[in-house]
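This is the structure I have questions about; it appears just below.
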Amino acid sequence: MAERGYTATKDQLQTRLARIEGQVRGVSRMVEEDRYCIDVLTQISAIRVALDKVALGLLDDHARHCLIGGEGGPTDPDNQVQELMGAVGRMIGR
Amino acid sequence: MAERGYTATKDQLQTRLARIEGQVRGVSRMVEEDRYCIDVLTQISAIRVALDKVALGLLDDHARHCLIGGEGGPTDPDNQVQELMGAVGRMIGR
Amino acid sequence: MAERGYTATKDQLQTRLARIEGQVRGVSRMVEEDRYCIDVLTQISAIRVALDKVALGLLDDHARHCLIGGEGGPTDPDNQVQELMGAVGRMIGR
Amino acid sequence: MAERGYTATKDQLQTRLARIEGQVRGVSRMVEEDRYCIDVLTQISAIRVALDKVALGLLDDHARHCLIGGEGGPTDPDNQVQELMGAVGRMIGR
């Protein structure tokens, strides 16, 4: 993983993603069981927080290894910044 | 579903959630294959958009059936509003 | 204000908005003085939190007085829900 | 501005911030005039979009001039990344 750069170890990321997958399945079950909408929404918000945490970890690693460490991605600073900012823009929904 | 109130039909919601589940698995594979962080982040942002869409659909249904339609949830207006606002507050991360 | 419905009193909202206005002016000064970007960004994030608080207060009032209380806005449930969801959708940037 | 690094020129940032300041005053007037909550919320969402644009511009500049260009801020990579990620974390409300 190091040559691509993920802050969390691959195992930690995989564990988080597996948990998120389970949470999504859980929401499906709640929908299947006609559970109260507010309770389902609470679960979806929890998934969002978990996803953001994975995204921040990935971005952290990217900045550390690719942007500063030069271990991957474009070498031209302009492209490096545009890539970074594109990712951040999508993260805040702009 | 009607007695609990989901804007989208149960099938539509389940389809969206199944797709999201697949997208999360896809991100896991990308991590496993040491794919470039920016590409993984792009997928995560797509999952977030899809999740928000499910959440908005659920909230729409809740407002329609429970808040206005009185088909579920608290009957006391104060509690109704607090529930609604709690869900919206969590949706915007506040 | 009651007939339009704002959770916070008009004075409380005006106080918050005046404070936000001052914070925006403060950011302008920081830019003028070439202050370090990260410090300026920290201020902008604080403004965002304050704005979200005002928005949640307004939405709370709207739900309480117009949606449930019937004191303003459309009377047709469909339009009521669409208005509410339009506002929430914009709040989460979708 | 270059030694501190803002993507947009200082004038462009100041123009955007002045506009945002005016928009916040406009919201205050709407509250004063008991305008319909949904209309006020629409204005607040517009302010949020404008603020995010200023924040993204600042972050872009920071990445370009400080993170990659080395023109300001910490020199130690770890601190550089932590600063960047702190700003991004606040931008997405985590």
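The letters A, B, C and D name the chains in turn, as written, and every chain counts its residues from 1.
Criterion: a residue touches a chain if its C-beta (ideal position, glycine included) is under 8 Å from a C-beta of that chain, and two chains touch if they have at least 3 such contacts.
Only a predicted model underlies this, so the values are computations on that prediction, with no experimental measurement involved.
K.L.:
Taking shared residue numbers divided by all residue numbers at the interface, is the value for chain B and chain C over half (same) or under half (different)?
P.N.:
Both copies, chain B as well as chain C, present the same residues to each other, with over half of the numbers appearing on both sides.
K.L.:
When I count C-beta pairs in contact, which pair ends up with more: A-C or A-D?
P.N.:
A-D
K.L.:
Roughly how far is chain C from chain D, centre to centre by C-alpha average, rounded to an integer in Å?
P.N.:
A distance of 17 Å separates the two centres.
K.L.:
Go ahead and note the Å separation of the Cα centroids belonging to chain A and chain D.
P.N.:
Centre separation, chain A to chain D: 23 Å.
K.L.:
How big is the gap, in whole Å, between where the Cα atoms of chain A centre and where those of chain C centre?
P.N.:
Distance between chain centres: 28 Å.
K.L.:
Can you tell me which residues of chain B touch two or more of the remaining chains?
P.N.:
As it turns out, chain B has residues touching two or more other chains at 49, 52, 59, 84, 91-94.
K.L.:
Within the complex, which stretch of chain C touches chain A?
P.N.:
92-94
K.L.:
What does chain A use to touch chain D in their complex?
P.N.:
The touching residues are 49, 52-53, 56, 59-60, 63-64, 67-69, 77-78, 80-81, 84-85, 88-89, 91-92, 94.
K.L.:
For the complex, give me every residue of chain D touching chain C.
P.N.:
Touch list, chain D to chain C: 1, 3-6, 10, 13-14, 17-18, 20-21, 24-25, 27-28, 31-32, 34-38, 40-42, 44-45, 47-49, 51-52, 54-55, 58-59, 61-62, 66, 72-73, 83-84, 86-87, 90-91, 93.
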